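Heads up, the next two complexes both have chain A, just with different partners, chain B and then chain C.
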Partner chain A sequence: MKPAAADSRDRGGQAQPMLIARALKKYFPVRGGGGFLTGRSYLHAVDDVSFSVSKGETVGIVGESGCGKSTLARIVLDLIRRDAGQLIFDGEAVGASDGITPRELRKSAQMVFQDSHASLNPRLTIEDTLAFGPMVHGMARREAVARALHLLNLVGLDPRRHAGCYPHELSGGQRQRVNIARALSLEPRLVVMDEPVSALDKSVEAQVLNLLVDLRQRLSLTYLFISHDLNVVRFISDRVMVMYLGRVVEIGAVDAVFGRAAHPYTRGLLASRLAMDPDKRIAAPPLSGDPPSPIDPAPGCRFAGRCPFVEEVCRVVTPELVYRHGDGTDDKRHDGSHGVACHMADAASSHSKAGSV
Partner chain B sequence: MDVSLSTALTVTGEPAVPPSRSRGYWSTVRRNLLRDPRAIGSGLVLLLLVIGVAGAPLIAPADPYHTSILARLKPIGTPGHLLGTDELGRDMLSRLLYGGQSTFLMGVAPVLIAFLVGGTLGLVAGCAGGAINMMIMRAMDVLYAFPSVLLAVALSGALGSGIGNAMLALTLVFIAPIARVAESAATEISHLDFVDAARASGASAVTIVRVHVLGHVLGPVIVYASSLSSLGIVLAAGLSFLGLGVIPPRPDWGLMLSTLRQSIYVQPMVAALPGVLIFVTSIGLNMLSDALRDAMMVKK
Partner chain C sequence: MAATQTLSRIDLEAAPLVDVENLDVTFHRDGRAIPVVRDLSFSLRAGKVLCIIGESGSGKSVTLRAVMRLLGKSAQLDGRIELAGHDMLALPERKLAKLRGALVAMIFQEPMTAFDPVYTIGHQIGETLRRHMGMDARRARMRAEELLDLVQIPRAKARLDAYPHELSGGLRQRAMIALALSCRPALLLADEPTTALDATVQIQILLLLRSLQRELGMAMIFVTHDLSVAAEISDDVAVMYAGRFVETGPVTDVLRRPRHPYTAGLMASSVGDKPPGVHLDVIQGQPPDPASILPGCSFAPRCAHASETCLAGLPPELWITPDHAARCIRAISS
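This part shows the complex of A and B:
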């Protein structure tokens, strides 16, 4: 973790995490679900997710499609209203009477979207797109346009060539740079990246990742980085959070999670990466089957249906995150230690392999 | 190198280069239209009609109300009556020029009003979503349940004849379909990521709609409304034909078609003239709206 430079906007002090998410929950009502008088069905997109992001830190979120990563990103910026839970930005609760409003949060937290095409208004020039945010916050047009040109410089585009362009005139990589520039236009402290490089080809992906690393250092930014690409997450993150069907199954420092993965799902994910050495190719898929439906999931561990170590307890009791270091009290739960939500990691569970991983 | 973002963004002495600006969307549309022979042709015909109708008091060779028993149903080309005379001996050319005024007014003005009202309703419904969308669009569905011609006839029948009531009836008929087109366009746009990005920048709903949604909704709604205006002309003429619009002796294409009906075996060419004008106007508006639709299909 790199220490963030002293920032005049710092409210809570260096030790105060940039963002604390507590028990975030989002259930989407499902159309046509449930019968007459039997109640509605709900898609459990994000279920009891807690984590924290320290200042200057990058937390990666990985998981399969549909595990709730993107919903989580939008909840963090209050683009999707959470059903339950708390967001605390630099010590101030978002939406609370003594905290900050969602609008104030959005001055300090911004988002980079996956689809570089859909996330830029095709009718606005790049310059207008970049000037929009600052102008919304009261900056004069001249000043906002001047800032837009500097932002283009910052992300490695030529203001003279690209400022007057429309999005369709740029390549995917250039558009994603514009997206990053837009996210930076309000001088945010936290940038949420929702699969920012997933739609790019490999060479451009590397350029954009390097740009993100460079910007993070130069502008002392904090990232929440969502991806399904384990290598990308490993490259850019300090800590990793693994999600499965709306729940956190494992969280910890990159080296701990990638080196000493404890949850069967994380191990399966890591094993399903393609080996660079053709002699080490894997014949059987480490993860077989599809994730079960997130609509009204059965009680117990969400991974039970695909887990090779499944036992009776897994289908009955939902495993809580158990931390290997730290004393397990509430205050220290999210202190950066390695947490696993699996009965095998919990010595107190009735699983036959309890405490073995 | 640790610089805070505000330092990095502070505008230094380097002069802001005026960037080379690409052609804007609407100027591209204009250029495409001017290159389309359909648009030029139908535009010229419509322009000619509008000039003739609007300038009727200056161009019309005779008083459209002046009757003459001796000069009834003269054929086209009669000296002094270029397009002949009607069943009461009134000059057809003058009556056609004056008659277009009420037809155009009744056909086009309701579309314009419905464009404003229906477009706004659809935009609000599409952007707000949820319960508001539900309320607005279900109300529109009630209007939609009736065939447009039937609804126009029923409404103006209930309101009584006269230009004002006919226009009101036509406006009500056009609001629902325009609102639906606007709603579907607005719903589609408001789910795109750039709208989320605008929300993430803290912009108010009004600003987001103005800057990011309106431009995308306007195109399809304008195209649709322009195609409706040809229907409007036909419906307006139809209402007058049925005696629900313009009251005689005031000239109107639909009304003239109705009164000349009885003379169709005596002077078929003259009797067909108002119908020809309705047809030409309607086709012109349709072609123009087709050309507009094609011109707006710019690569996004």
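This part shows the complex of A and C:
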């Protein structure tokens, strides 16, 4: 990660993280769930998730379906109201009386979605789509249109050819470029991307990844990048957070998490990557079963049901993140180092392999 | 044993199980003819796995559906498709229905489209067995349970009474494979069956298909957009671009020494294990619209090495080894 350059829009100073998320929680009540006397069922989408994103940094979030990564993205932009927890954007609490409002947040933080078609209004031309946001935020139409044309250039589209097009006239890759341009139209500091390249063909995926890397540098952007594709996350991120059933199981620098993965789930996920080499075929599945339902999960470690090292303690006590520092010590203090939520990583737990990973 | 029965139906030394020659698929829409698959020829022996690799719109799924004659009336099929000696393009619908399921079966990306949501898994597999194999209800149920066991669905007996929506994505995919295998087809067609799955589940399904295919001696045509999936499962690959095979050969040869610039470009643009932040070598532009395809090499407009010759006429298929071919004028010199 390159150190962020000073930016006139900074409120909290260069070293102030762009985003701090503390103990975020979102449970969705499930219709028809629960029985008479047993109470309602809840889908634990995001459960006690804390992390921070520095200025100029890209944090990747990986996990399988149902792990809560998309809900987390929406909570960060206040598109889904959190049940509990705190969001601090550049030093200011979101939604607090002395902080910033969600509307102010969305001027500085924008989102790109997976489905490039569904996220564009089919009845607006590309030019109108791109001018819409700035006009809502008070810009004159002429200026907004001029900016729209500039944005098209920025994302590698030809204003003369594409400004007057409707979304259905563009290919998937071109539409995703428009979505990226729209996210940039308010000159945000933070862009949250939910599977932005997953629906694209491989050759187009590479073009869009190159664009994202290029824009990050030119506009000194900060990214929160969500994907199920480990290779893509490794390629674009400085730090990565692995989620499983609503909780963070491992977090740290890309090299640490990919090179010295400690959580059995992270290891299984990494070992499930295919090699593109017929001589390196996988002989046995690294993990068995599917990710379980996030509705009313059992107590203890969420991964216990699929974990090859499961012991009594795992089914009773929910493991907390334990952070490992460069000097070999570890504790539960939240900082930028490599954190693992597994009883085997916690020397103080009663797991027979405690402190071994 | 399933394997012996399958093998006895086809003589391994004789003609290939699948023989496709000069296949053209043309869609007719609003009075316009759109060629989607053009002059495709390939063959596949019993027990072998062919992966067709291509991006969206390349014609890979249409090819698969053509082999099973699943395309609607708007599709015009020319050329020859032979499955175990049956001329698929000449057979009447009534006879085709008998071959589907028994000789050739298909699995899809989304299992919910293969199952009827209002019947249980056991009922639907049982129905196929009763209809094609003439089993009575009791035997069909027993066989359905064996099939769920075969695809490694835990607690198979209880799962027979489950409705499709009650199963997780991975189990549903396994149930669909069980349904496809119920009449012991000699050929399984697979249309991106692992694309919608999570990584840890995708590898489970790929390994299951690989072991079933070997155990049952079944041939498979597997369509995917993902080179790494092809590397994991195939004997041979065919890379498809704008309706044509542009490169074919044993998987190791094609992925190690790609000779068509499109294959090489696909490999270079895969993120794979490339170091973070490097500039990816991408293929510029996008695939052509099938309705407006140029006379020469379809890839030429995106190719860094394209010359006048490429635009003038269709490049010939050049053979690098006896089984590795590429449709590029530079295939041998490069």
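In this text, the second predicted complex is superposed on the first by the 347 of 357 C-alpha atoms of A that agree within 3 Å, B and C clash if a C-alpha of one lies under 4 Å from a C-alpha of the other, contacts with A are read in each partner's own complex, and residues count from 1 in each chain.
Here, a residue touches a chain if its C-beta (ideal position, glycine included) is under 8 Å from a C-beta of that chain, and two chains touch if they have at least 3 such contacts.
From a predicted model like this one, the values you see are computed outputs, not experimental measurements.
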- Query: Would chain B and chain C fit next to each other on chain A once aligned, or clash?
  - Reply: fit
- Query: Just chain B (first), just chain C (second), both, or neither: which does A:Glu320 touch?
  - Reply: neither
- Message: Contacts for A:Glu92 in the overlay, against chain B (first) and chain C (second): which applies, first, second, both or neither?
- Response: neither
- Task: Mind working out whether A:Leu184 is in touch with chain B, chain C, both or neither, as first, second, both or neither?
- Result: first
- Task: Considering only touches as defined above, state whether A:Asp83 meets chain B (first), chain C (second), both or neither.
- Result: neither
- Once the shared chain is lined up, is A:Asp10 touching chain B (first), chain C (second), both, or neither of them? neither
- Query: Smallest separation in Å between any Cα of chain B and any Cα of chain C in the superposed model?
  - Reply: 14
- Task: Could you pull out which residues of chain A sit against chain B in one structure and against chain C in the other?
- Result: none
- For chain B, which residues count as touching chain A in their complex? 1-6, 8-9, 11, 16-17, 19-22, 25, 192-194, 196-204, 207, 211-212, 215-216, 299-300
- Note on the structure: Per the touch rule above, chain A residues touching chain B in the complex are 5, 7-8, 74, 77, 79, 103, 106-107, 110-111, 113-115, 118-125, 127, 129, 132-133, 136-137, 143, 145-147, 149-151, 154, 159-166, 168-169, 179, 182, 184-188, 217-221
- What residues of chain A sit close enough to touch chain C in their complex? 64-65, 171-174, 201-207, 209-210, 213, 228-232, 234-237, 254, 268-269, 272-282, 284-291, 293
- Item | Residues of chain C touching chain A in the complex | 55-56, 168-171, 198-204, 206-207, 225-229, 231-232, 234, 251-252, 255, 265-267, 269-274, 276-277, 279-284, 286
